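Shared between the two complexes below is chain A, which pairs with chain B and chain C, respectively.
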Partner chain A sequence: MKKGLISVLSSVISILVGLLFGLLLLIIVNPAQAFPKFGEMLTAGVSSAPKFAKVLYQAAPLIMTGLSVAFAFKTGLFNIGASGQYTVGAFCALACGIIFQMPWWVCLLASVVAGAVWGFFPGLFKSLFNVNEVITSIMFNWIGMMAVNLLCMNLLKGGLNIMLPTAWVSSPIKDRTAALSYANPNAMIPKMGLDKLFNSNFMNISIFIAIIVAVIMWVILNRTTFGYELKACGFNKNASIYAGINAKRNIVLSMVIAGALAGLGGGIYYLAGTAEYTIQKVLLSMGFNGISVALLATSNPIGTIFSALFISYIQVGGESLQPVFAKEMIDIIIAVIIYLSAFALLTKTILSKYIRLDKSNVNAEPAPVVAAPKPAEPAKSAESEGEQA
Partner chain B sequence: MSEYVIEMLNITKEFPGIKANDNITLQLKHGEVHALLGENGAGKSTLMSVLFGLYQPEAGVIKKDGKEVKINNPNDANALHIGMVHQHFKLVEIFTVLDNIILGAEPNKLGFLKKAEARKKVLELSEKYGLQVDPDAKIEDISVGMQQRVEILKMLYRDNDILIFDEPTAVLTPQEIDELMEIMRNFTKEGKSILFITHKLNEIMAVADRCTVLRKGKYMGTVNIKDTTKEELSRMMVGRDVKFEVDKKPQKLGDVVLDVQHVTVPSKLHSNNAVKDVSFQVRAGEIVCLAGIEGNGQTQFVYALTGLDKMSHGKITMLGHDITKAKIRERSKLGMSHIPEDRHKHGLVLDFSLEQNLVLQRYWQPQFQKYGFIKNKEVRKYAERLIRENDIRSGQGPITVARSMSGGNQQKAIVAREIDKNPELLVAVQPTRGLDVGAIEGVHKQLVAQRDAGKAVLLVSLELEEVMSVPDRILVMYEGEIVGEFDPKKTTVQELGLYMAGAKNMYRDVEQKGGAEA
Partner chain C sequence: MSTLNVGIVIADIISSTIVFAVPLLLVAMGGMFSERSGIINIALEGIMIIGALMGCLMMRWLDPAVTSGQLGSQLGMLIASLFAGVCGMAFSVLLAFASINLKADQTIGGTALNMLAPALAIVLTWVVQGQGQTTILIPTWSRITQATLGFAAKENFLHTLLFKNMYLTTFMTVILFAAAVILMYKTKFGLRLRSCGEHPQAAASVGINVFKMRYAGVLISGFLGGIGGLAFTLAAGSGFQSSVAGYGFLALAVMIFGNWKPWSILGASLFFALFKVIGAYATTLQNLGPFFNVLFGWPAKIGIKEGQSTYFWPMLPYIVTMILLVLTSKKSRAPKAEGRA
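On to the complex of A and B.
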């Protein structure tokens, strides 16, 4: 339980140091405006219902890509391919909605399958030929993005570019997909009145989908024989083989699941109906932000919910820095926090040196020394995994 | 000058949930061989780590030549001329002997190595102490015994005069052990002081002047070897009388459980076969021991037998089933248990808790899972039973992370897990490696209990004492072949040693005799 606490504490410390650095940067650039704007940035996310809706809206796909990376971490794999899986997931969801006019949940399933396929190949190469999954999945990021660009531009139906707005309305726009609002409103993720509640078009049920998936992942990892096997492979492949576990199969499965999670992230983001897929020249950052989310959460599925919410919150807050500060400022602050989050493990090691694990407390309730935030609670049963990576 | 070269006075070192060293005092005289004896987890390694500056004690002082010193890191220890030969050698496999010796203390001028100077010094040292090495051979190409000589030379090269040997004889042949003892005696004649960590009472009796005994982190006393006996030492260490002989009921041989026919396993390192045409049988109610010096194909044979690796030729039958190509899980279900040689590589998932490790072979059984969900309560209950019955000690019981347990207790956990599976065939590879006499006695008892219960046991061992006392039959393996079969009651250690070193071969004696004598 204390280990859970230490994990949370170490992440919180990374965040605080990152914010402090950001403040310092603001002071250097514009001392007069630094403090008010910094305060605004910190509070923007909860300043109004629509802002908060935006936080949730961005957090949902982040949770998914974060889960994707975290799940693979648990199996000892580094899924740097979340970006590609996210992209093909997004495309298949949109294609399913726009071309085949399917309802939203079929589109989501399509995104899951597409992401899974994109995770399958790196996993297969890893297990059959021991090709490093980092290399293959980076290549698959680019293959995915380029393939999606190509398909968006070239899928014809009745002589028209079916994925582009031109096929649906008279529009000169050629660099993004058609909006679901006119192409197929049924493919949009239901809002269930949440949009009215928050007074924001960004709000839909995707955040709940993401949270439910995170909980399911936690259960799989910590309560099932399958999760036990996956973690055994991740911690010690040789010992898992010795125990008769099919390590090769598990590596593939782990990447398939990781891919499916990232793919679903792409689906829920683009099926919100508020963003269109734009023809990309660089890899989508959502996948890479997933790495930071997973690191910040020390790969705990429940932790990813909170770390994704945080990253999203600070991103929304960053918008309020404009126009006094350049919009790149918030990118720098986020980058620092993310950079430090990579040190979360290091901080954790240092912390565990100072926080003595007392034997008598092993089976007791969490010590009331620090007001442990909620995430510490679920983390307690996952304490053994906190060690990994 | 003080009588003692190193004194560790009233050292206390705590870890979460455990007092590894509790007020321990160790005093090393000039020019003596001082043995440090204790069970697994008694705190020997912790004490040595404190001496090396790897841990800072909560209480106690260290004195060198009567003056108090502070050792914050291994460099400090080195500066005080303290050197150590670790149980697992710390050598760079692809470097030459000379490179390894000078590593970390390279003589140089303006950053350029002065190897000629180093070579001269190494050769002088090796001549002076009779430590034969080839400075240009690569570590991966030389024998374990020579690797150990390299480790010793490393200490000498750094002008260390306090030499620590951590279980140095575990990997040596009987002849090599004798040589090492002689070398140690030479060192003391030169005025060097030796700390000798071991479980083997015979060796302590043979070479040590005094012996300090630890038990469960506590100081039990220091005795003069001249005034003590093996029995007394073991009683001090374990806290009770220990039997050195293994009690066995008269043998009741049953059917053939394991039938190995012409098994050949290719080597991963070179083009030769690691295991060459090995055939034998193990029957119910007997313990067969595969003896030999490390690296003669035992490991590869066991890999093939247990399914960790493929064989290129041959057939293995267990209880009438052909398991030549069977999966590991299938072999396990047929009743094969495997105590692996390398407990960190295969035996344990170190980052799992103890209870998770205890169900590593059975988590999939209905007892522990339903619809794919692990029954945590059952796992806990089962783990608690095994921990209790096998006296597995750890800081936090079932939820202790395996990595934080002492080596001996890790081994106990593995042995408990594999034997509790109630196997038909138990493959035990060095099951007592790193265990103390008390725990060894326990493991031997369990092996014999399996045999008496009519199960088949295949024991792979490097320890001659174990080879002579536990099995009903001994097969000696040399360079991948079985070179002899013995009845432990009718053979001697010297005889076995000759076969293990390849000087004799029961099946080829006729052709070899001429060559070996010449």
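On to the complex of A and C.
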């Protein structure tokens, strides 16, 4: 219990310092507007029902990409490729809906499969050829994005670009996919009346899907043999191999699952029907924001829900900073928070001096010096997470 | 095609390859210094952005002096490049502090810096140029042209090769590369730095200050990364828009592909840049003759519409690099102690 409390507290401290830094920056840039705008930013997310709906709407894919990164972290892998998996997942969901006219849940399955395939390669290359998964993921981010662009522009049906609006309505738009509202309303994730409740078109059941998936991931990691094996590989690959765990298989599986999660994220974002996939020149930031979500949650699947909500909340708040300040102020705040959470170990050591831990536990703590390159939280054990949830 | 001259196209490809290889080489060399001292520098992308931002701001600030003739244009470029390097170095201190002093996770620290840099760049660009002005334009005097050296411009092989894409940073890279090779392999400092990346405890036991060596490694990578960022912005040519288009990450791939060794990194960066340029030129090449048409015309045969190969060819460098990484992975050997505090 105390250990969980300390993790949460150290994240909260990082957040507070990050926000303070943001305020300081606002004061430096424009002292007159700094305080009112900062206040507006902090409250924007709950200022009205539609704004809150938007927080939930953005949080759902963030939870998924965050889970993707967190899940890979647990196996000692850094999935920087969530962006590519997300993009590929989004495309396959849209293609399934627009070209094959499938219902929304089939489209979501398609996005899961596509993301899994995109995660499979980095895992395979890592386990078979020992190619660093960071590099493979980065390459596959770009390959995925360009392949999606290429397919969007080239899939023909009856001589028309089936993915583009031109095939459906008379529209000159050529840089984005057709809107689901006219291409296939069945592929839109059901709203179940939530849109009326929140008075916002952004609202649908995707946030619940994301939360359910997060809980499932928590169960897999903490209550199954498979999850235990994955985490064992993350803590010490050699020891887990010695214990008879098939580390190579686990690396591939972990990346496949991570990819599937990010792919689903892409699916639920674009199947909401409120945004179309636009031909991209740069990688989508949703995947990279997933890294922040995972780090802030110290890779705990349940924590991911809260950190995604938080990041989505201040991003919605960031829009209210404009036009006086650039909304990228928010990215600075998030970056500072992540930078501080890199010192989580240090913060935790200081905190645990003030919050007395069980004595036997203190002795069981590994020395903080042996931080391996694994971004996963090394000091955290399975049972502490159990208690936290 | 009568308007296209094979010689000029080839000269153009060579000069573009060099100008795109320069940032990759500089940044990958930077990564090499950091990693061989034992610190994983995933923040190269962020360092490049800060370098590019500060270099461009410096050029902007020097612009009146250069255009009025008070300051030589290439002297101005030298100042801007060095300023970019120093700022990249200053930014890399954040990584060094987190990973060396506080023994924080190097990947997390680096990721945070990668997020911080573009956001900071946008905010600073707004502050300097006013609301919503997100592009810092690069002054035309940054390029070395025939006029800079005082001859008349001609449209031929040699002139295209030498003057189409020539920047001071290219020459600086040659010098920096030579200096880096000597520093790494011919000096006591280089030997000590490498030992810290292989076995820091052993290095410490013979009196090497691992702490200082790793700081040096990260700071050198910051300096090279900063200049590399500016070199990329010059090569891309459309002004600074708070991004270096993933080149920092590509440089990491080039570094791994180059097996953490300077000469192999040089080869890897030229190789990657060549494929990048061929990707960009594929459509032009197709018009040069039957040979190139067969080589670059096949996307049309598999159903990719004409004019759409702009979405196809840019994938080429990534796919080729991926294949080569897999093929050469057996020989790949990272510094042993990298990432360990």
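FYI, the second predicted complex is superposed on the first by the 336 of 389 C-alpha atoms of A that agree within 3 Å, B and C clash if a C-alpha of one lies under 4 Å from a C-alpha of the other, contacts with A are read in each partner's own complex, and residues count from 1 in each chain.
Methods note: a residue touches a chain if its C-beta (ideal position, glycine included) is under 8 Å from a C-beta of that chain, and two chains touch if they have at least 3 such contacts.
Fair warning: this is a prediction, and the values are worked out from it, not measured in the lab.
Trainee: Who contacts more of chain A, chain B or chain C?
Mentor: C
Trainee: Between chain B (first) and chain C (second), which does A:W168 come into contact with in this model arrangement: first, second, both, or neither?
Mentor: It touches nothing on chain B or chain C.
Trainee: Once chain A of both complexes is superposed, is A:N236 in touch with chain B (first), chain C (second), both, or neither?
Mentor: A:N236: touches chain B, not chain C.
Trainee: Quick check on the superposed pair: does A:R223 touch chain B, chain C, both, or neither? Answer first, second, both or neither.
Mentor: first
Trainee: Looking at the overlay, does A:F21 come into contact with chain B only (first), chain C only (second), both, or neither?
Mentor: After superposition on chain A, A:F21 lies in contact with neither partner.
Trainee: Is A:G244 touching anything from chain B or chain C once the two structures are fitted on A? First, second, both or neither.
Mentor: First partner only.
Trainee: Once bound in the complex, which stretches of chain B touch chain A?
Mentor: Touching chain A from chain B are residues 16-18, 306, 308, 327-329, 332, 338, 340, 345-353, 356, 360-361, 363-364, 369, 372-374, 376, 395-397, 399, 401.
Trainee: Looking at the complex, which residues from chain A come into contact with chain B?
Mentor: Going by the criterion above, the answer is residues 223-226, 228, 231-232, 235-236, 238-245, 356-359, 362, 384, 387-388.
Trainee: Given the complex with chain A, which residues does chain C contribute to the contact?
Mentor: Per the touch definition, chain C meets chain A at residues 40, 42, 94, 98, 102-109, 111-113, 115-116, 118-120, 122-123, 126-127, 131-132, 243, 245-246, 249-250, 252-253, 256, 303-305, 308, 311-312, 314-315, 318-319, 321-322, 325-326, 329-330, 332, 334, 338-341.
Trainee: Touching chain C in the complex: which residues of chain A?
Mentor: Going through chain A, the ones touching chain C are 25, 29, 78, 80, 125, 129-132, 134-136, 138-143, 146-147, 149-150, 153-154, 156, 282-283, 288, 291-292, 295, 323-326, 328-332, 334-336, 338-339, 341-346, 368-375.
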